[in-house]
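Both complexes shown next keep subunit A, but they swap its partner, so subunit B is in the first and subunit C is in the second.
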Partner chain A sequence: MREITKSSTIIARRLPILRVCAKIVGMNWGVIGHEWAVQLLSEQIAQKRLRHAYLITGPRGVGRRTLALRLTQALNCLAPPEPGQPCRACRACLQIERMQYPDLLVVQAEQEGGTLKVDQVREMQRSLSLHPYEGRYRVALLLRFEEAHPSAMNALLKTLEEPASQVVLLLTAESAERLLPTIVSRCETLRLRPLPLEQVSRGLQEEWGAPEDQAHLLAHISGGRPGLALQLHLEPERLQQRQAWLTDLLRLLTFSRKERFDYIEPLTKERSVLRSALNVWLSFWRDILIKTCGAVAPITNLDYQQEIEQLAARLDRSAALGVVSAVENALSLVDQNVNPRLVGEVLTLDLPKI
Partner chain B sequence: MSQALYRKWRPQTWEAVIGQPHVISTLRNALAAGRVAHAYLFAGPRGTGKTTTARLLAKAVNCLEEDLSNRPCGKCEPCLAVSQGRFLDLIEIDAASNTSVDDVRDLRDKINFAPNQGRYKVYIIDEVHMLSTAAFNALLKTLEEPPPHAIFILATTEVHKIPATVLSRCQRHEFRRIPLQEIVAQLTQMSTEEGIQAEPEALTLIARQSTGAMRDAISLLDQLASTGKKITLEMAQNVLGAAASQSVLAVVEALIARQAGPGLDRIHEALDGGSDARQLTRQIVDYLRDVLLIKLGDVKQVDGTAEVKALMEQHARQLSASELLRLIRIFNYSAGEARNAWQPSLPLELAFVEALESLTNAAESVPTGPTSSGQNLSRAPTKTAISPPPKAQATPPASETSDETAPASGSADAQANKRLAEAWPQILHLVRQQSQPAYATLNSSTSRLLSGDHLTLSFASNLLKGKMERPENLSLLQNALKQVLGRELMIRCVVDTTRRDSVPQGVDEDGMVAAALRDLGGELVDIN
Partner chain C sequence: MRVSVLQENLARGLSIVSRAVSPRSTLPVLANVLVATDEGRLRLSATNLELGITCWIGAKIQDEGSTTVPARTFSDLVATLPGGNQVEMSLTVRTQTLNVRCGASNTDLKCIDAQEFPPMPVSDVSQGLELNVMDFKEMIQQVVFAASTDDARPILTGVLVTVKGDTITLAAADGFRLSVRKARLSSPVARPLSAVIPARALSELARIASDGDKTLTMITPPGRAQVIFRVGDVELVSQLIDGMFPDYEQIIPRRCDTRAVLSTSAFLKACKQAEIFAREGSHIAKLNIQPGGELKPGVVEITGQSEETGSNQNIVDANIEGPGLLIAFNVRFLREVLDVIRTPNVALETTANNLPGVIRPVESQDDQSEFLHVIMPMHLGS
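And now, the complex of A and B:
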């Protein structure tokens, strides 16, 4: 029971973001960027050459789910302005936007980092064998499918290859490589890539009234992922938390080993917190690596440019490379269910002392 | 909804199955001779024709055509029924969804009924590797001796998960990856028949991308064709995230010239231009592999234009074989890495810098942690500072963890302190025999200093100090001191708030010794 409430609060928390994305409209289905994907899909719908299974891959916050929902809307819109375009105002469109449409089945792990279970897939299969309730298509949306248990992936194979007519399966995943190759080869893959920073920044300014500096900064921090930038814009406390972690990191470098251990311990109480902190630190060290190499590529943490340049001047390339690999390694260990405190402590030992 | 091309183009005759002549000819000969086995196992990578062949076999054994070698004819009633998916005696089971032993028992109960329409009941068990162990075992007897009217066809991509007892009861056929040329030929034929216009180079790229799996190739063709325009190489590269070959060349040249900054910038340009990071990594691996082949004198295996080959030869001269090997390993590892959570480009960037590092310090392997560079530097001065015996500290309490608050007042006190330090474990032991709590409290004292008849014990907190000052604890300690040192001592407890982790003079702040003292609670005995 607790888990159910938990997952519903997650959905509730993400809802405003969804609506936000919806406001950034154009003829582009209201998706920031990914014009090629939208064009491809809308032409397929217009020409009735739609496929039965799509796999949308890309890093988190890049717009995978938004694209999938828009596709569902385009399929089931009651009054499409033209073929392949959703009106985004009719009842069906609004219900889909909130993921409450009767012909839209959303299947996902209970929480991020959880596991999508084989029973969920089987239940979905039963439901997919029914005729659409009111729309033209019955759409199954399988989110973060890389979290699916191997048996769940296998259970989907036959359905994915030859589903009933009027069924469209939409899968989202971080990368195709994390799924079974047999899954990938049954889908049409749309690889969403991070957008040019300028585009994200413009989107934030025009649709969200973010001040130019702020939009610029958020675009950099999000690394070209509009969903993440928007989330940071709407929830400033996340931005503050990020700053706190970066400041801590700078302080941490001057600490002795004991102080480092003392600092890292509370951070490792919650796996997800540690993961987020490590991600922030990873981006910071990557910036340093880029600077030590003397590249002009854009850095992520624009607001810490000065510190990054100072550190880059003091460290050599191999040291920077070492830290980036250490943080990366720590991140993957956290995901692999290694004792988080141990991971955190080992990582603090790998940080250079300034 | 139009049918996906890979479903529409599922082969309906033996001739249409490509790339598996060894399987097809065996099966056709068996059919022609009327020697069809009762259980088959089709194994092989995805998209190589396992399910297709299974359905063809089901069709063939039920076909009404007189000439055995012409089956399936594709015209008789059973053939048509199978093609349209309405043949009652073809039972296709999704073993990944029906994994349990009950599903197999259900199958076993029904298998004894005679076929409805055809001559044989054909059970196609797809994705059979997902059956549970119990389910496999429940199947064994049926699989060994099914009723004469039943044929089993098991299909799987992961043959290593099938128990040996099942393997030995089946006729096993291995499906191979389909060669590049055959895929290209098939794609060309399909695109002409479907009215899709496509550049030959684009088709070759698709075929290469699909790594021998026909379904992947057809899916890609389908995806590219869905816009209704001519499929160009550029469009294919865009959808696949494949970088133009110039980007790959630029990155490799930056590597050879040992230019970190420009190299990273080339990578970013390619990624901003729409390439996929992993794809670009794979392309770099492919290119380096070709260069290695040329280096080893195997020019025939490399395909490409004369100019490309000339460039490769030039690169082959600039890199040694071992360097090439190392580079390929580094990039290949990064291409196979599953993680790309935060920044998709990060693995490639890391691989690039790592590759540069491995080229620059060719003799050594790549450093894996910052400790190798960060701490070697600080360790070096440690040795020089310690190796001459610290003269000023030789007589004062060098054997004590006590800190700068303990200046040596006289040689008598120093001697006494030294004795105390030596005897301390013994004193602790005595106290421990009397009272465990007193021992624990005493053990938590951070430093002990003897001056005259006063013993000063430092504690890290008021709480500990208060505990020690309890009369019973003090008397215990006094007794122990008297027993060991043979003198009556006044005991004074203080709270020491100074940093505990400061280290004695002459010990490097960041060295190994300091770490042992501070973090591991070591005591200084002697430094060699």
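And now, the complex of A and C:
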């Protein structure tokens, strides 16, 4: 088994989010939203029209992996209350929830933004050639497949075309366009979209006991992505970090050039930190852009509504748009291995002076 | 759980099952050995989800129970405990801590709940197929080397085992060679069987089955895609490979033009020498089959050549029927098959230098004649 265990790094990392959507019991597999997808899949299981491969696309935190795990549970549940429904209480269901099930293979890049390697796909193919160990189906879950190396995608084509019987492949990705068209055409695509903010807010209140205003705010910040909202709810330090970054951003606008450079330097030590900060700032400038355009679309940073409106009044549309594209550009440069400090400094120069 | 076992027994059991431990799996529990009381004995199990090994050892059981112990730590520890002593183990269920005492040594091991361990199938020996250990070991050795190690075609990494009537057949192929071995069963089976078992599992079985054991039981539990082998106190479970094994009967040549009968040992020695030179290149050994005349015997000339190290030529006397032929084979393949042929003489059947050659043991009474090996030739080059 030396080969199989080579990349033991494919381990479940984001457990809190998982348990998340788990509590909501009902016919919807305990998933917040996406009723159409759940209904489609459970009908396919009940009517034995299951596909061999599904591609679940959507933005991060929208519930792609939760849906995939629920599907795995529905397939391998030991005591399904009715066909196509997982009981979510038996040993198999609990192990799948923790991604610790013998017939569930989780393959993903070592870290977010990393690369899923061709060797990982090959290892997976080896175990897929065996009959299921204890369940009815062997399920391969390939997370964030847009991070796969092109050779890894190509290596998967053969398996996607003719997998062994009793094998189901579940791929998740940001969007189908970021995968090879040959991959997409071999899967049934389920496109998950951000949910109505009201639905996310209700889910948080009813299932996680979040106070109403908190749930409302989180729904806005998450932009309709229940997984993200729940993560912020369960890890309040993330929420505090976000607030710190937004406060910093407002201060930054009043700073001189030297002060700006001094501020940005420590932030650029760690790529992942910089990336998170830029994402928060991007959402803020998007809000300003929405306001300068006079659009009615809901803003993300509800708790900064006042500051956003003040800034929007002082800036015109093209200035706001300029900053949004500057932040977007910085984000893409960070992913492209450009010196992060340079990226940070250039960005601070692009911010308007108030 | 509270049990006491003899150190030697525990060490032996752990060394057997630890072959199936997978230390770096995504499932942490697979790096552990299941330790459980089982009808007056202690059961040790390990699995990597492809291959599972269980071993029962004698124990004094005071309290029933089970847990899973980190395999590496546990076997390293047990190996250093004083021999001839009793090892006392007691489990604190709440903290999943296993206390191990032996002589002056006192250890606490952190364990994982046995509930996490993948369930191992329960075997019903009465439903099984009884085989002679020595015979089956030989059968495995004669085919298992021909299985592919390339994961691109997973089905070829397995050995096809078919049981029909009173015959059991093992076949393995890797696209360049095919090894088939048949044997008679003592009694015909009611239910025919066909399964592709990973070659690795069979190699492991051949390793575990010691000469002391007489019979081996092969069980295929209905409804589960697994095969279980029971030898003495050890049970080996393997997942079956999913898919269709190629129809190998079509590959076996129906007839041959040239049939050369050689001494197995002389042929093997010549191949080993040729390989010393051929291994640097593409493993090509040329065989020049020259039929004899009225007065001189036929010979097979085996040549291995290398640009750097030189060349080697060996002439082996042979009894040849049919026209002469110059043909090239992968010499490693030749050596590997000759290594597992026990009869003094071997027949090499060829037709043309671009058609497969067949190697069979010669001696019709012995059931070795049930062995057959097909090798694809290589390009002769210039």
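The working rule: the second predicted complex is superposed on the first by the 341 of 354 C-alpha atoms of A that agree within 3 Å, B and C clash if a C-alpha of one lies under 4 Å from a C-alpha of the other, contacts with A are read in each partner's own complex, and residues count from 1 in each chain.
In the analysis below, a contact is a pair of C-beta atoms (placed from the backbone, for glycine too) under 8 Å apart; a residue touches a chain by one contact, two chains touch by 3 or more.
This one's a predicted model, so the numbers in the text were calculated from it and none came from an experiment.
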Problem set entry | subunit A: partner with more touched residues, subunit B or subunit C | B
For this session: State whether A:E43 touches subunit B only (first), subunit C only (second), both chains, or neither.
Result: first
Exercise. Counting only touches as set out at the top, which of subunit B and subunit C does A:Q125 meet: first, second, both, neither?
Worked result: both
Exercise. In the superposed arrangement, which partner chain does A:R317 touch: subunit B (first), subunit C (second), both, or neither?
Worked result: first
Exercise. Touching A:E328 in the superposition: subunit B (first), subunit C (second), both, neither?
Worked result: first
For this session: Would you check which partner chain A:H52 touches, where first means subunit B only, second means subunit C only, and both and neither mean what they say?
Result: first
Problem set entry | Contacts of A:G223 with subunit B and subunit C, given as first, second, both or neither | first
Problem set entry | Which superposed partner A:V296 touches (first subunit B, second subunit C, both, neither) | first
Exercise. Should A:Q199 be classified as contacting the first partner (subunit B), the second (subunit C), both, or neither?
Worked result: neither
Exercise. Which partner does A:Q241 contact after superposing on A: first (subunit B), second (subunit C), both, neither?
Worked result: neither
Exercise. Considering each complex separately, which residues of subunit A are in contact with subunit B in the first and with subunit C in the second?
Worked result: 122, 125, 165-166
Seminar exercise, completed: Residue positions on subunit C within touch of subunit A in the complex are 20, 22-29, 48-51, 115-116, 118-119, 151, 154-155, 157, 198, 225-226, 239-243
Problem set entry | subunit C contact footprint on subunit A (complex, rising order) | 1, 3-6, 8, 10-11, 91, 95, 99-100, 102, 105-106, 122, 125-127, 129-134, 164-167
Problem set entry | Interfacial residue positions of subunit B with respect to subunit A in the complex | 1-2, 4, 7, 45-47, 94, 96-97, 99, 126-127, 129-130, 157, 213, 215-216, 219, 222-223, 226-228, 238-239, 241, 260-265, 267-268, 271-272, 274, 276, 278, 336, 338-344, 346, 349-350, 353-354, 356-357, 367-374, 378, 501, 510, 515, 518-519
Problem set entry | subunit A residues within the subunit B interface of the complex | 36, 39-40, 43-44, 47-52, 58-60, 121-122, 125, 137, 151, 154-159, 161-162, 165-166, 168, 174-175, 177-178, 181-182, 184-189, 191, 193-194, 196, 223, 256-258, 261, 279, 282-283, 286, 289-290, 292-298, 300, 316-319, 321-326, 328, 331-332, 335, 349-353
